Amino acid sequence: MTNSWTDIRNTDLVVIMGGNAAEAHPCGFKWVTEAKANRGAKLIVVDPRFTRSASVADFYAPIRQGSDIAFLLGVMNYCIKNDKVQWDYVKAFTNAAFIVKDGFEYKDGLFTGYDETKRDYDKSTWNYVIGDDGFAVIDDTLTNPRCVWNLLKAHISVYTPEMVERICGTPKEKFLKVAEMISECSTPTKTMTSMYALGWTQHSKGSQNIRSMAMLQLVLGNIGVRGGGMNALRGHSNIQGLTDVGLMSNLLPGYMTLPNEKEVDFDTYMSTRGFKPLRPNQMSYWQNYRKFFVSFLKTMWGAAATPENHFAYDWLPKLDVPGYDVLRAFELMNQGKMTGYICQGFNPLLAAPNRTKLTASLSKLKFLVTMDPLDTETSRFWENHGEFNDVDSSQIQTEVYQLPSTCFAEDEGSLTNSGRWLQWHWPGGTAPGEAKTDNWIMAQIYTRLRDLYRKEGGAFPDPIVNLDWSYADPGEPTAEELAKELNGKALAPVMDPTDPTKVVVEAGKLVPSFAALRDDGSTTSGCWIYSGCFNENGNNMARRDTSDPDETGAYLKWAFSWPVNRRILYNRASADLNGKAWDPSRKLIEWDGQKWSGYDVPDIAPTAKPQDVGPFIMNAEGVSRFFVVGMMRDGPFPSHYEPFESPVTNLIAPKIRGNPVARVFKGDFAQFAEPASQEFPYAATSYRLTEHFHYWTKHVWVNAVLQPEFFVEISEELAKEKGIVKGGWVRVWSKRGSIKAKAVVTKRIKPLICDGKPVHVVGIPLHWGFTGAAKKGFGPNSLTPFVGDANIETPEYKAFLVNIEPIAGPVA
Amino acid sequence: MFPPVPNPTTQPVPPKFGDQDLIRRSASTVTPPAQRQTEVAKLIDVSKCIGCKACQSACIEWNDTHPEIGINTGVYDNPHDLTPDMFTLMRFTEWENPETNNLEWLIRKDGCMHCEDPGCLKACPAPGAIVQYSNGIVDFIHENCIGCGYCIKGCPFNIPRISQVTHTAYKCTLCSDRIAVGQGPACAKACPTQAIVFGTKDEMKEHAAGRITDLKSRGFANAGLYDPPGVGGTHVMYVLHHADKPEIYAGLPNNPRISPIVEAWKGVTKYAGLAVIGFAAAAGFMHYLVAGPNRVSEEDEEAAEKLTGEEPRP
Amino acid sequence: MSTDYDVEKGDSVHPGKPVTVDRYTAGARVNHWITAISLVLLALSGLALFHPRLFFLTGLFGGGPLTRIIHPWIGVLLFFSFFGLFLRFWKANLWKREDGTWLARIRDVLTGHEERLPEVGKYNAGQKFVFWSMSALIIVLITTGLIIWDQYFSVFTTIEQKRWAVLIHAIAAICAISVWIIHVYAAIWVRGTIRAMTRGSVTGGWAWRHHRKWLRELVGKASKGKSTPAE
Amino acid sequence: MNMELSRRQFLAATGAGVASTALGAFGFGEIEAAHAEAIRAFKLVNTTETRNTCPYCSVACGIIMYSKGDLKKGEKAEIVHIEGDTDHPTNRGTLCPKGAALLDFVKAETRLKYPMVRKPGSDKFERISWNDALDRIARLMKDDRDGNFVQKNNDGVTVNRWTTTGFLAASATTNETAFATYKVVRSAGMLVFDNQARV
């Protein structure tokens, strides 16, 4: 979230699309109802199903899953055509005026440089024209046909209301109503917020779904302001934190990236991370990368990380592929290329796609270790549970360790919520049986491994035996010790750069924030963006002061928000080019002639003159991007692609199937149903129900009572067609698997008319398995395709094809 | 935002109300308290409800009930009905508004309405099994309940349920134990969107008025408050977007009142009945005084003997 | 001879001083008293749940819950035991011509001027009224009773039906109790009656006075029994 | 906020209700007795409060756990009730149907209590001591790492990677646990490393 949950109260229009906040985040959704009640805010819900969010919406429009980009670019097209643009914002705070290199173009659904065999682009033409001064060339008049704005206009002109109706199945008048309501927020005094979740991410073009809305928000001038922003409603309590701390194959903490094997040494690595500003005066904050990187290495290997060995740069593993995400992991297992797998929490057997493949993969492991408070399906993948897990234990040679861990109630530490608040929690209960904290388990595994290497030596022991593990009790580091490591400390006195005689931080003291980090090895910080969470002022994550001047919803003294306790990212953009709030009634920070100040921690150097320095300080441009350089694999602009399994062919580019650069493993392609398949005619989607949380609450008696049994949802029309009765049993099958479920026949799902052809939607909730209190059931992952988003590999759970038929209930 | 329900105290505090505040007690007469307590009420704003069932969850946890795990019958309502272990229930209705042709998903939290004139209490034959406090709370006292099920027949809203285990009647207590220490009901505290709020009945009406204005501004011309006069008003009220047709909300009764049959049974029959019985007895007694016993005479005996062919006595 | 349908099994005359007439067999008496006792218990437990002022009566049954549990079971017992009586007595309780006249002269009945009444069989119209009204009321009571026996039968009827049932049950019970009072009073008022249900026999005089037609039939039967002397 | 005010008035009024009658006909003890019969005793009296946050979604609602026994005093603590923390700016004491049932998560039948091992080909879990389990796991890891660790790639570039054992991080562990985990996993050179961000 760029903003916070409590900030949603400041909005005028909430658009819930690609999510279902009322069901998945009810207590955050409270702030939507507050905005409605107190500001007369409106709520729009766009979803294939009439969800619980829709039940309290002012306007609901149906959409076919997997066609969000067409819808959003359609809205953007509507805004631009009707001059519903916050011009001052667009001109000053975006790269609309930047001139794009000649050669770049978009044709037949592809951008310049596509290589079909590699399923990848040569992105060399996706760039700005760089002038002699080394800065990007811009045209403030936006007249140059090669400026981003004009390219964008041309790119989205195809998404007319008629085209949107044909692709999305959203009736034209409903689409226009939504577009009109949204376009009203282009005035500086009206703000829209976007609340989305896995409904946008779990597609083969998930990242571009989100970019589309982000771009629309820029057109409307809604990024960085109160009641605006792009608000990703993260699914799990600390998935934000685990990502911040970099627990992904290609990440270092704080969104730094792991070297790949082309970055043969420290300097090569840093050379691609210089982030020289693309416009004069811009902060381009990533210029400090080296400080954060070195401080991280010092945290890892302490004294062993020296300038001589480039702070142990070589001890970091180097990637040979973009990433070893969970999908690749199971692919490797399946190829027999993996020996062991350790699951700390998580329940991949139900969470990852194509369950048949998952079981086969796990069965090829030598060993599997699970750590969990609950009895997960993954830890019992080898156990036969009839049709719910039909395996032959004797044929599975995997050695499995099921380790009992404590749960939240027995554990101490901080979680980072969707609004980037790090909140500390305290243990209140005694753990059951011999359950142990994750810290204890990890420490026990590490110390044993380290001691084995000390004793026996072995393959390159250095990074293991030299890891800084100086905790009071090496067998179980405390949460406080680790929190201080994340924050970072000074190993030597840290001097003021402007006055080398002035000590900023005494040696041995915790650093106040990442501003004090240095690249000479004199500081540590496990995760630079968390720096400030636990400094000499104490544990800022444990703060509980609820004061909120003028009820802005900032709560600056409650817990700690990264970075540096900032509550709304890009908040400098809440003020105009002269530093005055776009909307005086929603002032956030303002420029008083000397400095920035207000209700939030300014997201800009406090003394940076508003006319000189752009608000998007993390970008080399200093402004936000309609046209993105480099980062996106599937294009600098979003464009509509169908899901890999789609009930219709791509109307914009009939030859293109799925996302042209999404990674598909050999063999998996054969497992996709044809577009507009006769064999699998129905468009399925998976989702959560409000009564349950993922695969946890089926273990919870009360929630099992509230939603006891696995079901699928279909329209009355489809039920009639297929002779399916409400509450009767059905079989649903895809090209990859088959499941049995009860049928919920509802008016809340209606067939969509896409390009004249009716598309039936089959909804499949995901909460059931074969352990726990609830009735045994299946999950959508028995059906879903093994393909992910082109940029971050989020599996395509929200749009795939199935068939359905009524069946007699299972015996017993 | 409406002031949230405060956190519970862990200190012992004297209850804010108790038996001294009873205004009604089943099958018995009470001397009403000198001063009636401020009437409390729970307001359920159906237009704000997202049907998340947090109220059901909180209710189960607070009241330590243990409903059984059922099955899916093709709808979202679970459990399928109120039970002795489920005092409140989300009832889902998919309603196509004929005026707008829009689908409206009406979700109503069902449960005890805490009527000002409680039919359950009126029907109850067991002294003190059902009580009404001066703050409006209608509560079941299980020690006094005999499990006859008369409350079920008395209730205009079909709320009480008899446990097949304890054979006593159960329903929402409005969390009397929480309110007694200055808390709000568990459901009201939990409700994510504050579709359930709790306070004095006047506060609730005031709050409802604001909500109704907002709803009217959003095109719900018939938005209104459900506080049925037929039962003297209730201490659980609804804000409905279509107050003109409460029945579309999973059969919420339009102008509910205690069934005239129950009124007759617990009214005239009760008194007339005893009168009749008394009269019968009295009549017999009077007759005896007037007519005296009907004795068999000697002549009768002789006649009988003669008939049976015996010689008459000399 | 077709006029003896008034005579029930076991009725017979024993000449002597005084004449005794067997009126009720042991079986009939046991059956009657079972019915009588259950009726009384039902009345007490029923009234306890009917009117708050009488709730204290639940004490007799070990408290409210037990009263609630016992009452319907006694009801079932009563039903079957009364059914037994019905089978024994229904024939003799069929309506006759003289019953009309008897009823028309109810004033003489009440004032004890039986000489002005027609001769009646084993049961007079009053007793027949008690018999038939009880039969009807017990049918009503058992049916409505089952409907409101929630522990076992709640699922079979709607609440509205239960409401009617409970009201009708109450009214029927009141009638039954009233009829029962009449029954008992009559037995007390008409001396020499109670021994019919205790010892099983009445005196000839009692039969002559109150059920002369029945007596004649019995005698007739008896004489038919012995060889008639030639005249 | 005037609502707030009238709310306090209401609480005061109800308080007064008791007072006025309490001082009247009844003695206070009697009230207590009567009350005990009528209204359920407040079940949180004399329990210990602990602040925590809901472990489910990322709204991170504040919760209060009520326990018999106090961990801070080194006692054994049994959690008896959990409800929303009204002081929390985001949830203001409210909870969703999952959060409101957290107690049943803490006390779930299927909470794991002991380390278990499932031997190759076996159809059941067996108890195992922590020591044996951890020693064995460390051994399995080391043997695999020693066997498959890649120090240099074909071009002779130092890559120091280990891709034959993978680690799947959770979604609800603390940031502190996350960092401890990060250190262990990365120092071993593991690359097959992911979390639940995507599902």
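List of remarks:
The chains carry the letters A, B, C and D, assigned in the order they are written, with residues numbered from 1 in each.
Basically, a contact is a pair of C-beta atoms (placed from the backbone, for glycine too) under 8 Å apart; a residue touches a chain by one contact, two chains touch by 3 or more.
Going by UniProt, the chains are A, D = Formate dehydrogenase major subunit; B = Formate dehydrogenase iron-sulfur subunit; C = Formate dehydrogenase subunit gamma.
This one's a predicted model, so the numbers in the text were calculated from it and none came from an experiment.
Relative to the whole-protein C-alpha centroid, the nearest chain centroid is that of D. When the interfaces B-D and A-D are ranked by C-beta pairs in contact, the top one is A-D. Once the centre of each chain is set as its mean CA position, subunit C and subunit D turn out to be 73 Å apart. One inter-chain figure worth recording: subunit B and subunit C are separated by 41 Å, centre to centre, where each centre is the mean of the chain's CA atoms.
Subunit A and subunit D have Cα centroids separated by 23 Å.
Contacts with at least two other chains are made by residues 26-27, 30, 690-691, 701-703, 706, 773 of subunit A. Multi-chain contact residues of subunit B (touching two or more other chains) are listed as 1, 52-54, 56-57, 60-61, 192-194.
The complete set of chain-chain contacts reads A-B, A-D, B-C, B-D. Of all the residues in subunit B, the ones that touch subunit D in their complex are 1-21, 33-38, 40, 52-54, 56-58, 60-62, 131, 134-135, 139, 141, 143, 173, 176-178, 180-182, 186, 189-194, 199-200, 202-203, 207.
The touching residues of subunit B, counted against subunit A in their complex, run 1, 47-54, 56-57, 60-61, 66-76, 78-79, 86, 94, 96, 102-105, 107, 192-195, 210-211, 214, 217-218. Those residues of subunit A whose C-beta lies close enough to touch subunit B in the complex are 22-23, 26-27, 29-30, 33-34, 36-38, 40, 50, 52-56, 58, 60, 690-691, 701-711, 725-728, 742-748, 773-775. Contact residues of subunit B toward subunit C in the complex are 27-28, 125-127, 144, 146-150, 152-153, 158, 162, 164, 167, 259, 261-262, 264-265, 269-270, 272-274, 276-277, 279-281, 284, 287-288, 291-305, 307-310. Note for the complex: subunit C touches subunit B at residues 13, 15-19, 48-52, 55, 58, 63-65, 67-68, 110-112, 114, 148, 150-151, 154, 159-160, 162-164, 166-167, 170-171, 173-175, 177-178, 181-182, 185, 188-192, 203-209, 215-216, 219, 222-223.
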